[in-house]
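Next up, some structures in structure tokens.
Presented sequentially are two complexes of subunit A, the first with subunit B as partner and the second with subunit C.
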Partner chain A sequence: MQEIHITIKLFAQYREERFKVEQRKIKKGTSAKDIMDVLGISEHKLPLGVLMVNSKHEKEDYILQEGDTLALFPKVGGG
Partner chain B sequence: MADKIYRINMNDLSFTIEDVPSEWMGLGGRGLTSTIVAKEVDPQCHPLGPNNKLVFAPGLLSGTSAANSGRNSCGAKSPLTGGIKESNVGGTTAGIMAKLGIKALIIEGLPQDDSTFYHLHVSFEKVEIQQVPELVGKNNFEVLDHMLAKYNKKVAVMSIGRPAEQKMLISNISVKDPKGKLRSHGRGGLGAVMGSKKIKCITVDAEKFNEASANIVDPEKFKEANKVFTKALQENPISGEGLPAFGTNVLVNILNEAGALPTRNFRSGQYDFAENICGETMAENIKARGGSTTHGCHAGCVIQCSQTYNDKDGNYLTSGFEYEMIWAFGANFGIRDLDLIAKIDALMDDLGVDAIETGVTMGLAADAGILAYGDGAKAYEILANDVSNGTPLGRIIGSGCANLGKLYGLVRVPVVKGQSIPAYEPRAVKGQGVAYATSPMGADHTAGYAVATNILNSGGFVDPLKKEGQVALARNLQIATAAVDSTGMCIFVAFPALDDPKCLPALIDMINARFGISLSGDDVLNLGANILKTERAFNIKAGLTSASDRLPEFMNYEPLPPHNLVWDFTNEEIDEFWNF
Partner chain C sequence: MQTLKKFLEQKQEAGFFSHLTCKAAMQRFSLTCKEVELYALELGITPLRYKRNQSTISCAAQKQLLLSHVAIIGCGGLGGHVGENLARIGVGSLCLFDFDIFEEHNLNRQNFSNFAVIGEQKVTVVSEQLQKINPALHIKTYAKAFDVQKDFALIESCDAIIDALDDPKIKLALSLTCKQKNKIFIHGAIGGFNAQHATCNSLENLYKTTSKGIETSVGNPSFTVTYAAALQSAECIKSILGLGENLQNKILLTNLLENEFIILDN
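Right after this comes the complex of A and B.
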């Protein structure tokens, strides 16, 4: 089974009882949604607001690649 | 009894109370200040001369029980941009003016005796104008204490600090909030206009007031609509959860992650020390040190995005500690210590200077070699000594970013229409760039918050890194915002309004119930479009042109890391904005 290395960053309420940033080895072909399921973010009371990979907005079905940085935010705003 | 216009003439220190002209009846807030400025102020007048006017107007729903309706608008010709200006604020003035039945307060002329400053005390059907030599040279908190001792805790207070007495372009008008701290009519140098009229402070007292002003034509309908509206604010994940938990400063990390947090005077879109200054860190500090993550800038606010921030020993440092200010002195000027930024925030409240204009100017001052990047102690000293005392260096900083750039021969000067660009990089949030370029206010994020749809997935998604769809997005948002700015509503109602179909109709229902009218959604959008056109027409007569609707040129040829994009709109594409 081929593995790839990714970085996961969490923000705002998603950090509570989880982490700010973590490197992980994952199975090739894993989607961003799979990671959200593993972290319990898919069931979080605050739905996903923004998902970025390497500083660009992506959708949950994005298939992660070697070296990717995945960032997950609940809905946030300000100004 | 119908609402009135209170008009103060500083030439002879007199006042009159006038009926509201029929064409102003349906207006409030920004719609009214901009209409009055456009009608009564010569667009070519000197903004600090006798022919400019300073206009205050509460929103259409201010003074009612409508949630988040406590914003007050201030308008004039701006000495910073040379165009029309509206800047709105929370605090306690909107509600109290509305209670008195004051549709607008218009201040005109300059006093013959300009050797001192004046205090205006506005109460029911009366304005007292007194000299206050004892307050000359004082900053805001001392003026505030003085006024609260003289009157009572409920009196609304607007004041200027020393920089505005000296007519500096970074100066603002400060307003007491419900907890006795300060908020500001921040942008465009409105403090200098008040200083030019020799007005140190204005108090508004509703001890006696106009019972009829609070009348609502259809109270049942109003109550029902307010319930729906309040629920929309409370159930929205941003206004109901995110803003109360982390404040506006939650934006540091998301803009940084998106590569759109202007850093080191707009050289990069990412700051290595974002984690030091972000909203999550701020919330952790507040939890550990005492203080509060929730604070409303005006009575009736159900969002409570503001906060009270203490130092490591639990002593009060500042309140109203907002994203724009933290970005300006953090990422853009380079301070890594959130507590030091908080000390500067409190100092700027006391001095009464715009956090964005001052912070962006400080970033440019580092380019100019005046101080080193990130030297917060030196920045504090320049503000506390030079700016406050009006030394030549203080006046250079106090003249704002555009002027500093000219004086030092700098090219990377982040302004539009002479006003500093706020905390979102146009090259990486292109819709926001279009809004900065085209807003009649100069670079102003609140005029059309395209960040919502470019970055935050509110109101759909338009890719921030591409040009497609950005002009239409910036146009639609600016039209809607001009209308919302007329209601007295906080701009954060935009988040539920963009995503919850019940929100805007409930807002319009409240306006209709209050006045017994039947505006449609289209009527409200027409109002917004007309306000923008009125403001634009003033600017054209003042001498601004399409060439003023441009971002600074360096953005066209300096690629911004990490996306390495330039600003790539043609002039024709930008000018298409006004095609409505």
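Right after this comes the complex of A and C.
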């Protein structure tokens, strides 16, 4: 099974009981959504705002590549 | 009979004139407050209440603001504070939308809310208070929920539109319409210690789904609201006057808990 190395950066409430930044070894073919599921980040618990890979906006189905930095920001919508 | 020009030139002191002088001119020449102030600014005479705006806001810019029209969609946390900032700096016309009344749980953050106004329409209270701050201000109020499709025509002539809504679904829809119609759209949103801002951008990258954000669980403390409203006000004034740089094609994400200020490309 091929593995790749990625960096995960979490922001705001996502850091609570998780981390700010972490390097992880993951299976090749893993999507951003798979990582969110592992971290317990879902629409019901602190919905997702911005998802970026290497400072570019991507969708949850993005397949992570070797060396990618995934950044997740929770949705903020109050007024 | 003495002309308004002569009257103002005689009464001005170091380029400024008081509201008392304005009221006398209104009566003497049968003019509105806005008409007197506009005429005075054309002569290079500034209402005294703007004395501390200069030289950040020049006399010509002050006139441009007096002629400007801004819509504030939502008069809760962000809207009430943006409204005060715009009234104080000298925006001439405001259009306020909010369907809601003040409730006790608004008092932690919403401008002009207090125990005496609980149960009253937000747009009515905010409008009355803004009028006391700036008597030249023209305000139109709409005590209704803003519907982008039905109500956009009411704000289409505005120079800038402030997103002070609390619903990502309407925020997104409003941003898309503003983009399409090439209107200045000033986005702000808050949740806990966090805020986000964008100017003249559509919000698809921020709101991929229509659900509400973290604010439903973490709430909205006063300082995040006033911080976010101040930034929106600055973006609005800069965009109207063409000053400096605004957040076009950018997203500013703020985390006041850890003092992070991150600007992303939109």
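In this text, the second predicted complex is superposed on the first by the 73 of 79 C-alpha atoms of A that agree within 3 Å, B and C clash if a C-alpha of one lies under 4 Å from a C-alpha of the other, contacts with A are read in each partner's own complex, and residues count from 1 in each chain.
The criterion applied here is as follows: a contact is a pair of C-beta atoms (placed from the backbone, for glycine too) under 8 Å apart; a residue touches a chain by one contact, two chains touch by 3 or more.
Note that this is a predicted model, so its numbers are computed, not measured.
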Subunit B versus subunit C as contact partner of A:F11, first or second or both or neither: both
Partner chain in contact with A:F73 - subunit B first, subunit C second, else both or neither: both
Which superposed partner A:P47 touches (first subunit B, second subunit C, both, neither): both
First, second, both or neither for A:H57, with subunit B first and subunit C second: both
Intersection of the subunit A residues that touch subunit B with those that touch subunit C: 11-13, 46-47, 49-50, 52, 55, 57, 73-79
Residues of subunit B defined as touching subunit A within the complex: 236-239, 241-243, 245-251, 253-254, 257-259, 270, 275, 279-280, 305, 322-324, 445-446, 449, 451-452, 455-458, 461, 463-465, 491-492, 495, 562-563
Residues of subunit C that touch subunit A when the two form their complex: 74, 76-79, 163-168, 171, 188-196, 205-209, 211-215, 217-218, 220, 251, 253, 255, 257, 260, 262, 264-266
Subunit A - residues contacting subunit B, complex: 9, 11-13, 15, 20, 46-47, 49-50, 52, 55-57, 71, 73-79
Subunit A residues touching subunit C - in the complex, by the definition given at the top: 11-13, 43, 46-50, 52, 55, 57, 59, 73-79
